[in-house]
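Two complexes, one shared chain (chain A), two partners (chain B, chain C).
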Partner chain A sequence: MSSEIYKLYIPQIIVLLLGIIIISEYFLAVPTLGIISSWARELGILVFSAAMVVAVVGVAIRSIREIKRRTPGEWYFHIWLLIFLFSWIITGCVLTSAHTFYKWLFENFITALYQAMLGLCVFSLFTLFYRFKPRLQLESILLSFTAVITMICGVPIGEVIFPGATALRKWIIEIPVMAVERALMIVMALGVVGLCLRTILGLERSWLGILGALIPTYRRGEKD
Partner chain B sequence: MIRTGRVTLFTLFLIYLAVALIFYWLGRRGKRFVLRRIPALDAIEEGVGRAVEMQRPVHWTAGHPRASKLYDATGAYLAAGFTILIRVAQVCMEKGARLLVSVGHPELYPIARDIVDTVYTLGGKPEEFRGENIVLVPEYSYLAAVIGRIIRERPATHIQTGYFWYQDALVLPEVARGEGCFNITGGQVTALPFLIVQSDYTLIADELFAASAQITGDPVLIGYIAGLDVIKGIMIALVVAGVTLASLGIQALSTLIKF
Partner chain C sequence: MDKIVISWILLLMMCVAYIVPIGLPLKIRTPSEKFYKFIESLPKDSKPLLMSIDFTAGGAPEIYPSMLAVVRHCIARGLRIVVVGIGTDEATVLMHKLFEESGIAKVYRYGVDYVGIGYIPGGEMAITTLATDFQKIVKSDAYGNKISDLPLTRDIKDYNDFSAVIPFDTAGVLTLWVRNWTPLKVPFFASMTAGYEPTFVPFYNAGLIQGYLAGISGGAEYELLSGFRGSAIKSMDMQSITHLYAVTLIIAGLIIPYLRKRR
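Up next is the complex of A and B:
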C-alpha cells in the first residue's frame, strides 16, 4: 500500500501548499506570495504540456493498434489521423506556428472543420421544432416558445408584426431569465468554491483517481 | 495588508471556511447529517442496467477541450465530472456493461484511463478493462468525433458531466436521444437549459459538486455539504437584505461588499 500512499499524499501536500499560497495571494498584498503563485501557474502549464505529450503518445499507440487490427470502418481514419497528427507536430516544431505554411494549414483545415461544426449546431437549432414534435413535453414547448419569441422579437420584422416585440424580448431576457440565471450562478459558485476547498484540504480526492475517492470508504471498513 | 476592495470578500471567505470546517468537524465527531438523494446519480444504475439488458454500451464524456481546462476556473466542473465517471465505471464493472469514454482534454486522458483501469482492478476484474474504449478525441473536431462515436457505437445510455459549450450541450444529448439513449447530464449554468430539455436526468446547480458525498457515503463529506447549505442560507439572507435595502434606496450593503 506504500506506493498508493505516495501517490495520494504527496500530490495532496503539493495541492494544499500551492492552494493556500494562491488563495492568499488573491486577498493579501504580499509580493513574495505573488512571485510564488506566478511560479506555480507556470508549473501548471508545464504539467499540462507534459500531459499533452502523454496524450499524443496514447493516441498514436491506439491508432497503430487499430490499423494493425484492420478494425472495420475505422482503421483508414486512423491512418489519416496519424498523417495529420505528425504533420502538425513536425510543421510546428520545425517551422514554428508563425510560419505561413502552418497558418495555411490552420485556416484551410481547422477553421473549415470548425465552421462545419458550428453549421451543424445551427442546423440542429433550426430543426428544433421538428425534433420536439413527437414528444411534446411542457419543458420543450416552453423552451421552443420562448426561443421563437426572443428570436422573432430580436429582428426588425418582429416589431412590424407585433408592436412592442422588442420590449417583450427585453423583459424576457432581463427579468425571468436573468433572475433564474443569477440564482443558479450563486449556487454553482458556492459549489465550485466548496469543491475547490475540499480539494485543497484533501477531503475531495476524485482528481487523484479512484484510490483517492475511496479512501474514506476504506477507513470506515477498517473501523468496522 | 489585505488588498483594497477585497476586505469584505475576504471576511465572507473566512466565514465560509469556518462554517464548512465546523460541519466537517461535527461529521468527524460522529454527527450524522441526512443528504437528500440525488435522482440523477441514482439513475446511473438504471441507465447501466438498461445498457446491459439491451447489450449496448454506456458512453461518458466531459465536454469540449476548448471550453474548459483543468488548471483554470472551469477545472472544478471537470473534476466534479470525473467523480461521476468513477461511479459510472463502478456500476459498469459490477453489472458487466461496456463503458466508452470520450475525452477531449489531453491532460485528462491519462486520468480517465487511470480511473477506469483502477476501478476494474479494485473490483477484481482487471481482465475486463479495455483501454481502447477510452479515446482521446481531437480538440477542434471534438463534437464531430463524439457524435460519430455515438452513432457508430449506439450506446444505450449517454452520460455527460463536466463543462460544455452551447453546441455540446445542445447537439450531443440530442444525437444520443436520436439513437435511443437514456441521457444523464450535468454542467455549468449556461449549458443547463439545453441539458435539462434533452435529458432524462440532469444534475442541477451544485448537485454536481455534492455528488462525491453521495457516491462515497462518507459522513465527513456529507457534514461538509451540510455546512454549505448553511452558507447558502446566509447568502439568501444577504440577497434578500440587499434587494430590500436597494429597493428602499439604501446602498449600504452594496458599498460594504465593494469595500
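Up next is the complex of A and C:
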C-alpha cells in the first residue's frame, strides 16, 4: 500500500495542484500564483535536465548488460556506443563545446553520419518514385498529380516549364492545404486540452506506467 | 530501371548542376520579402534580436544557409543579436560554427553587440520562461560568462527587451515558439524546412508570424535580397534538376509498365 501511495497518489497530487495553479495563473491576476508557477517552470527545467542524465545512465547500464551477455549481433555495437558516449561526455566536460577538438568530432562524426543517413534516404526515395505504381483510381491520380505539381512548382525550373507555377503552388498552399491544416490544428488543440484535463484529474495515468483501466480488464480476460 | 542506375543518374545530375550552375531565375516570395524588409527597417540602436538554433546537424543543409544570410545581414545593418538553442543540444556547436563563418567577431564586440548562450534545456518550459523571466533561466553564456556581467544581456528582463524573435527550426519546436511568443505581440519571424511550410501558413495568414523562410529556397531568396550569396543559391539549380528528375521518374514509372502491357 505504501509503495502505491508513493508511486501513484503523490505524483497525481503534485500534478493536480501544479496543473490547477498554472492554468489559474493564465486567467487570474494573482501575484502569488505567478510566483508559484514560475517556480514550477524552473523546477520543470531542472527535471528535464535531470532526465537527460538519467537517460545517459540508462543507456550505459543497458549497453554494459548487453556486452556482458554477449548478445549475438549486438554486443560489439554497444562497445562502440559506450566509447563514443563517454568520449563525448569527457571532451564536452573537460574541453567544452567551444574547443577545436569538440568541433572536429562534431563535424566529422555527428554531421557526417547524420547527413549520410539522410542522403541515403534520398537515393531510396528516388527509386521509389520509379516503382510507385498507383492503381488508376481517382485518389491515386490526384495523389500523383499533387506530388508532381508541388515538386515542380516549388523550384525555379517550375516557372520555366510552366509559367504560373508559383501562383499555382501559392493557391494550393493557401487554400486547400490551409483549410486542412486549420482543421487539424483545431482538432489537435481540443485533443491536447482533453488530454491535459484527463492527466490533471488523474484519469490519464499512462505517464505513471499504468494503462488506465485496460490492465485489470485484460487480466481478467474479459476483453478477449 | 535498375535501382543502381537511378542512383547513379541522380548523383551525376547533382554534381553537374553544382559544378556548372544554370542560373535559373528565382522568384522572391512575399514571406521572404517581408522578413528581409523587417531586418532592413530596424534602426541600428534597436533592441537585440533573439535567434534560436533549433535545427540538428542533419537538418543544417536546409536551414543553416538561411541563418547565415540573416546573421550576415544583421551584422551589415549593425543590429545586435542574442543566440540561444532550445530544440536540440547540438545548438551550441552549431552556434560556434555560425559565429566563425559569419565573421561576427571581426566586426562586433562580444557581450556588447552579440551574445551566444547556446543550448538551454527545458523544451516548452524554457521557451515560456525566456519570454517571462530571461535572467532566471539564463545564468551564463556558452563561454561561461555570467549573463549579468555582459552589457548586452544584463538589462534583458523579458520579451519586451527584444526587437523580434527568430527561431530556425527543423527539430519541431517552432509550434512551441509560436504558441508561447505570438500572444505577446513580439514581431515573430521563422525559418523552417520546406515540408513544414504548410503547417505555418495559417499562422502567417493570421498575422501571428510576420514573415518566414521556407527551406533552402527561402534561404536562397534571402541571400538574393540581402546580397550575401552563399550555398543556398548555389544549391537551387541542383534542387531544380533533381525535382525535375523525380517528376520524370514518377511519369516514367506510370507510363513504361502501361506500354509494356499493351505490347
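Assume the second predicted complex is superposed on the first by the 176 of 224 C-alpha atoms of A that agree within 3 Å, B and C clash if a C-alpha of one lies under 4 Å from a C-alpha of the other, contacts with A are read in each partner's own complex, and residues count from 1 in each chain.
One rule holds for everything that comes next: a residue touches a chain if its C-beta (ideal position, glycine included) is under 8 Å from a C-beta of that chain, and two chains touch if they have at least 3 such contacts.
Quick caveat, the model's predicted, so the values are computed rather than measured.
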Between chain B (first) and chain C (second), which, if any, makes contact with A:27: first, second, both or neither?
first
So, does A:68 touch the first partner chain B, the second partner chain C, both, or neither?
neither
If you stack the two complexes on chain A, which partner ends up touching A:159: first (chain B), second (chain C), both, or neither?
second
Touched partner set for A:114, first chain B, second chain C, both or neither
both
Once the shared chain is lined up, is A:45 touching chain B (first), chain C (second), both, or neither of them?
both
Where does A:143 make contact in the superposed view: on chain B (first), on chain C (second), on both, or on neither?
first
Would you sort A:191 into first (chain B), second (chain C), both or neither based on which partner it touches?
first
Contacts for A:206 in the overlay, against chain B (first) and chain C (second): which applies, first, second, both or neither?
first
Which of the two partners, first being chain B and second being chain C, lies in contact with A:56: first, second, both, or neither?
first
So which bits of chain A does chain B touch that chain C touches too?
41, 44-45, 48, 52, 110, 114, 117-118, 131, 181, 185
Touching chain B in the complex, chain A uses residues 23, 26-30, 41, 44-45, 47-48, 51-52, 54-56, 58-59, 62, 65-66, 73, 81, 110, 113-114, 116-118, 120-121, 124-125, 131, 139-140, 143, 181, 184-188, 190-199, 203-204, 206-207, 209-211, 213-214, 216-217, 220
Under the definition above, what is the set of chain C residues touching chain A in their complex?
1, 3, 6-7, 10, 24-27, 29, 56-58, 60-61, 90, 92-93, 96-97, 118, 121-123, 125-126, 128-129, 132-133, 136-137, 142-144, 194, 197-199, 201-202, 205, 217, 236-237, 239-241, 243-247, 249-254, 257
Give the list of chain A residues in touch with chain C in this complex.
38, 41-42, 44-45, 48-49, 52, 96-98, 102-103, 106-107, 110-111, 114-115, 117-118, 122-123, 126-127, 129-134, 144, 147-148, 151-152, 154-161, 166, 170, 173-174, 177-178, 181-182, 185
Parts of chain B lying in touch with chain A, wherever the complex brings them together
1-3, 6, 9-10, 13, 16-17, 20, 24, 69-71, 73, 76-77, 79-80, 82-83, 86, 89-90, 106-111, 113-115, 118-119, 122, 131-132, 135-136, 138, 140-141, 143-144, 147, 152, 166-167, 170-171, 174, 178, 188-189, 192-193, 196-197, 204-206, 208-210, 212, 215-218, 220-221, 224-225, 228, 231-232, 235, 239
